[in-house]
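As written, the chains take the letters A, B, C and D, and residue 1 is the first residue of each chain.
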Amino acid sequence: MRNEILEQYLPLTPEEKEELKNKKIKKHHVATVFLHWFNLFVWITELITGAALIVSINYRFIPKFLTDIVDGVYGTRANIIKTHIFVGVIWAFVLILYALFGWRRYLKPTLKQIFFITKDDIDWLKTKFEEVALNKKVHYPPQDSYNGGQKLFAQVVAIMVPVIIVTGFIMAFHLLPPALIRWAIIIHFGAVGLVVMGLSVHIYMALLYPPEQEGFFGMITGYISEYFAYHHHYKFWRKKKKGLDAPPELEPKKDWGPIFAGIFLGVVLFFSYYLTGFGLGASGFFQRTLIAVLGAFAPEAVKAHPYMGHYWGVYPLWNFLVFMGFGLVGGTLAAMFFAHHKFRFRIERGKNITDIQRLVLSVIGGIIVGFATRIAGGCTSSQALSGGAVFSPSGWIFMLALFAGGYLAAFIFRRFWK
Amino acid sequence: MAKYGMVIDLDRCVGCQACMLACKAQWQTPEDYFRTWVKHIGPIQHNDELVLTSFVGQCNHCDNPPCVPACPTQATFKDTDTGIVLVNQELCIGCGYCVEACPYDARFINPVTQKVDKCDFCFPRLGREEPACVKTCIVSAKIFGDLEDSNSDISKKLKTGNTFVIATKKVNPGPNVYYKGRRKNVEAIIKTYPPKKKDTLPAKIWSNVLRPFVILGAGATFVGSLIAYMFQINQGEKEEENEE
Amino acid sequence: MGKQISRRDFLKQSFMGAGAIAAADYSFVFKKFPPGKAGKEKVELIPSVCEMCFWKCGIIGKVKDGRLLKIEGNPLNPHNGEKICGRGNAGIMQLYDPDRLKYPLLNIGTRGKPKWKRISWKDALDRIAKKMLELKEKHGAESVANLSHGSSSIPMRKLLKNFGTDRIAHASFDQCRGNRDVAYELTFGVGAGSPERADFINSKVIYLTGSHFGENAHTSIVREFIEAVEGKKAKLIVADPRYSVAASKADYWLPIKPGTDTALILTIINYIIQHNLYDKEFVAKYTYGFDELKKEVSKYTPEWAEKITEIKKEMIIEIAELMGKSSPAVNIFPGRQSTWYGNDTQRIRAMAILSAILGSVGRKGGYFFPTKIKLKGCPCPNNAKKKEDYLCDTSGYPFMKTTTECIREATLKGDIKMWIVYGSNVIHNTPRPQKTIDAINKLDFMVVVDIKPTEPSLYADIILPEATYLERYDIPFAIQDSRTPFIQIRRPVVQPLYESKDAFYIVSELGKRLGLKECFPCNSMEDYLNLALSAVNITLDKVERQGGIFRLEGKPFLDDFGGNYKFPTPTGKIELFSTKLKEANKDPIPKYEPVEDVPKGWARLSYGRSPVHTFSRTENNKWLHALLPENDLWINSEAAAKMGLKDGEYVKLKNQDGVISDPVKLKITPGIRPDMVHTYHGFGSKSPFLKLAYNKGMSDNDLITKIVLDPIMGGMAKRINFVKIIKNGKEIDFPFIKQKPSGFKKKPEKTISIKLTAPIPAGSQEEEEEGGC
Amino acid sequence: MIGPLYKILGWSHGTLMLLALIIGFFFGYALYRSGFYSSKKLAGVFYLYDFAVYKVIFGGIVSAGLLIWLSSTIGLLKFDMLTFHPSYLLSSLIGGFLFGIGFVFGGFCPGTSLVSAVTGSFDAMAFILGIYVGIGIWDIGYSWLFKGLNHLGKIKEKTLMELWNIPYIVLIIIAFVIVVVTFPIVMKVEKKFKDE
């Protein structure tokens, strides 16, 4: 595959160069352009206010006189932190929206490309270094829509931005106990530092370095000349022009057999009991997250409530079952990744009911299950499985009643799944 | 300009804890959190003498307080006019670096406001009324005043000698709360509640690993780009043509 | 005395407002305001009188839109000035205590396991009045008894006397300071007073017998005591088996063997007389019976005293010499709670005699005289029968007033059918609580008037919620035991919360229903106060405008009487030889009677106060509870080591009658004798309605079951109970550790001029380090 | 080291959170890889075409029971220090029955709904919305409607061993016998209904 590209990637004759120069190729979608310049605005304000906020000797990034200037501009330092948080929240909101709606068409392919380092990219870095430092005439190896340097910087940004947002929210809204807020602070500063490292190269390359100049205008208009594309992003040019060489797909793995799954779960349950003394549990996650949300709005009411009251600690989320829920989500994503399954939005339903009916049924099922877990004080994983393993009476009764209820309902509503 | 401090006369103090409650009433600190404390010591045997005293403590408003550099956003600072270490509630994000850094455990995180709370020598009452603990002390064991004003009560009391600070050779942030009293009492206090030099793991990692890495890294790329730009300028515009 | 600020300063301060009381907010500091310019919120300053204990300190309530924010001392009060103790500051949480009594309650459950029904005030008072009148017919007015404490219970006592019963006992007489007052009346003709009239400020020597200043935070006297000892460097002698706060400041600490104080004092008296150190001129002029005294005490020699009191004889001689030399400015402090071993009145008489022969009575540095202040009372005639017709056998006790024990006995016999318990936790303050509960169960009717649901309310048929001291007027306080006598007024700082009512409403409404209208002619407390104050021709609002205090002329010392003062005793002189005791054929001159020794394997249970609690009254106060949630048990470290006990462990105690206590935390310390344990009184509440206090700590009162009545005035001795330790069900005996005579003298301290640990001079802060890219 | 480590060694709450994350990770991994991201597979047990849920639960019970029994007999684990569900038998019965009905309606249980929602299934997300509503109804209505409903039929015993005083290993063997007997039957039933 690769040498085929190399053969076709020949230096251009002057005429071809002229011809390609005045033809335009669309590189960036308008949403990406907007997002880029929005990011620029955010990063400028956040860096200024952020750096101005950090004035202690042990943490300071910029010299004192600069922070005093910013202090002067904002009046009181309280305004600085308010601006910083306000802009941060807006930024996070926009990014999440972009990620949700732009997932399939933009984010997924871009991420896939960024984290897919090839030999060409490494060669590109070497040649770039020779060109800039040793001032040699170079011929770039064929690059995709993002060249090696841009991929490297994009990787840093892709990982560090969510980290910055998450730690930022923890700090701004006391989401976790002080001990973790302390960790959040240094991670936040470290992540910003990493991005800033890449930033100066990114700005120099785009703004001041002549050969890459056209890329800069590309980010304004969204179009670049075909020549620039051919010379700097040959693989992108080929894909755009000839629609070739999409990266190979890995075939998905099959599910485990139920017996192996049972034994695996048994071992996990054993380790849970051995390490912590508690069994597995899932319904607790929903109960405590609901309490945390309600508590955020009406802390007094929740604290005084006869049932919810004793779930309420100073940090309701700081609990075994809640973190088991986070772990569960992590485990699922990891499992999906290693099984090469594709993430796809879907609705599973029987043949003879419509999507809407299926959703309504799920909601009703959820309500009954949610309510039932409160009565029984647990769900399949905590009562049936964990309780069953230690033969707690309520566990076995719960399981038998579950099957009974289930078969009864299944018999009545067999129409939905047939 | 002034530098406020306090002298606590351990000989006069009877350990009645009125100061703790006056402070709590004035500043509504929640449940069992107190900005000032009276820790009863003894009666214990201290080199062949019986000792029964009270460690009356609060924020010492040190000359170079370890808590101030520990706070990233400088929410806590030593007010230059009065020498009092204050906390700006709006800037504080309740991370607790300063709480960990204080050698006297004089700070705590208020669970209601989720921000740091500490003694501020009754800053809003300054100049009009004595701090609540000084005013209510039934044996006038606490004397508050300006250390730099030589004829203030506190300076006169300090001149009578036998005054100590709770500091050791190793840990001496320059506290401004002095203790007057029999040597055996002060020694018992320092022995039971020594000032500890404390540091948190994240702070250590930050100052020894992350910060140098970030500063060097960002510095390197910035300087690198600068030099590259220099090269670019002195060998004139690089035309597109000689590209091949 | 604290610095007296003029009235102008005081008023100036109040108008400046007390600044931002809410959480500290220094946003203005950044506008570089000069410190001190606080916000302009309107904060009212209302002077009143504290009742977190009985010391009646003057306070100021800082109130903003009807809510009490802070309590501080009233600078115009000559006793405590702007100073108030921890409990005074925590008065706010007494007012806003969620568990306080809110509405009149009727018990529809059983006594001990109550179920409360809320009823109206009218209904409650009707029921009480109907019951009282019913009992008056059937069994006579004396079948109604009253156990009360605190200043707000005085109107109720007057009403009951008018109703026809004098069965009124207050714990302060037979459980606390009764025998001390009787001893002083027998010797000087006038009681020891509250606050005690000790002129510490001029004393050269102060002698304390077990008084633990600082652990009882009686503000004005602790303040003067410390000023004298630390300020004026008076010599302090403390005779206390426990290394108390006072002992830690003493020049001489005498770890005396419990029960032998009288022996020590009689030995000192004898030594001073033998070596002519006494004030001959004062004794000749003002005392009666000196020769009998000299003959009586001649047998008490220091050698004998060393064996009895376990204090080195050199030490006894040294302090006797010191007292002799420093007379008359020697202060033999009478103490306050003194019902200890059963011979307490004689002990305090001995102390009074010692201060008399040193000539310190009515002299600077000694014990000064009270100044009579006559206020008009409410004209309630006393229709109660004469004392002889009482059923309590007071024959054996010549100076006995009605005591709780006497009422308990009468109730068990069935002569008393109804109790009105007014502001007194009878189950916690009287020994042998089971006997009190048995007595209550025999009652027809029981009424409790209190601010908190303490133990007695569990057995009440009707509970009336009384307003706390911050929500009511009270009778005017004429402070006579003072060098500068004054009158101070308690007035409501905030409106009464819930449906709590003040004493005047309760008593006048009850009076109406009992047909005793003329007992309270005034229709409001203000009228009553104006009537009372008219005796010194001032009005209520004149006093209030003056900051709640009205000063009078005092005549505390002999010189104020031109050198010849007639003591109100039968002989007109200080009776070293008591004529009244002679008539009642008791020992006219105190003798040393040995007290039962601690049996092997046991330890003597002693109790005391904490500076942050007033016994069971403040256990449920949120802030005070935060400071001291439960009491701990002092136990000698040597003994604990032998018994295998560790500090902070929880153990139970068993006393000689087999009563087992709740678990208590151990405090192992060398500062107490091996055959003695000590704890704070007032903990271990059994009332589930007090959410904070319920079952916290151990009630020492449960263990005090053996009692001995003082032969002269019937006070209940309490320090004669012995305990063993029970750890995880196993009984552990106390080891016998021979105590050799001792006595500790304070080491001289060389003053060091330089500050010992010189701090780093300010201003040399590390240079501003230039960081960042 | 004698388990349960958190309780015996007195680890901090933070460590417990870390352990919860790790255990949750493997729990989620196992649920996903056993195919429980699809409600079709989950509901299969009630429509007889795929008894995966039944097999996994019983397999888990037997294998976990065996490991727990083995470790507690050789003294590696203190059985009585484990946290047991309080035995409210009647509540478990009612709760279980209702749970079964809800399970059939929605096609998920709380744990598997989370797994499937994360992988993009809208019906799982609807199910989770339902769960929150269900719990909300309980929380809000607790004081006046459902006060004691979750504490019915309380018995003292925490395990069947105490209740029927049968040794632990015997119960495990019984469960194992059930597994060995029922699995082939179930396999046959699955095959019959699978083609429908």
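We adopt the following convention: a contact is a pair of C-beta atoms (placed from the backbone, for glycine too) under 8 Å apart; a residue touches a chain by one contact, two chains touch by 3 or more.
Everything numeric here is computed off the predicted structure, so don't read it as measured data.
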Touch-connected components when chain A is not counted: B, C | D
Chain closest to the assembly centre - both centres taken as Cα means: B
A-D compared against B-C, more contacting pairs: A-D
Separation of mean Cα positions, chain D and chain A [Å, integer]: 30
Inter-chain centre distance, chain C versus chain D - centres from mean C-alpha coordinates, in Å: 63
Distance from the mean Cα position of chain B to that of chain A, given in whole angstrom: 40
Residues within chain C bordering two or more other chains: 27, 30, 766, 771-773
Residues of chain A touching at least two other chains: 57, 61, 76-78, 179
Two or more partner chains touched - positions in chain B: 88, 90, 215, 218, 222
List of chain A residues in touch with chain D within their complex: 179, 255-256, 258-259, 261-280, 282-283, 285-287, 290-291, 294, 305-308, 318, 320-336, 339, 341, 343-349, 358-410, 413-414, 417-418
Partner chain B, residues of chain A touching it in the complex: 11, 53-59, 61, 76-78, 81-82, 132-133, 135, 137, 139, 171-172, 174, 178-179, 181-186, 189-190, 193-194, 196-198, 200-201, 203-204, 208-211, 231, 314
Residues on chain B engaged by chain A in the complex (per definition of touch): 68-74, 88, 90-91, 93-97, 99-100, 109, 111, 114, 200, 202-203, 205-207, 210-211, 213-215, 217-218, 220-222, 224-225, 228-229, 231-232, 235, 237-238, 240, 242-244
Chain B contact footprint on chain C (complex, rising order): 2, 13, 16, 18-27, 29-30, 32, 34-38, 69-73, 80, 82-90, 92, 213-215, 217, 219, 222-223, 226-227, 230, 243-245, 247-249, 611-612, 623-624, 626-627, 637, 669-672, 744, 747, 749, 751-757, 759-763, 765-766, 771-773
Footprint of chain C on chain B - complex, ascending: 3, 9, 11-12, 14-18, 20-22, 24-28, 31-32, 42-45, 49-53, 63-64, 79, 81-83, 86-90, 113, 117, 120, 123-129, 132, 135-141, 158, 160-165, 167-168, 172-176, 178, 182-183, 186, 215, 218-219, 222
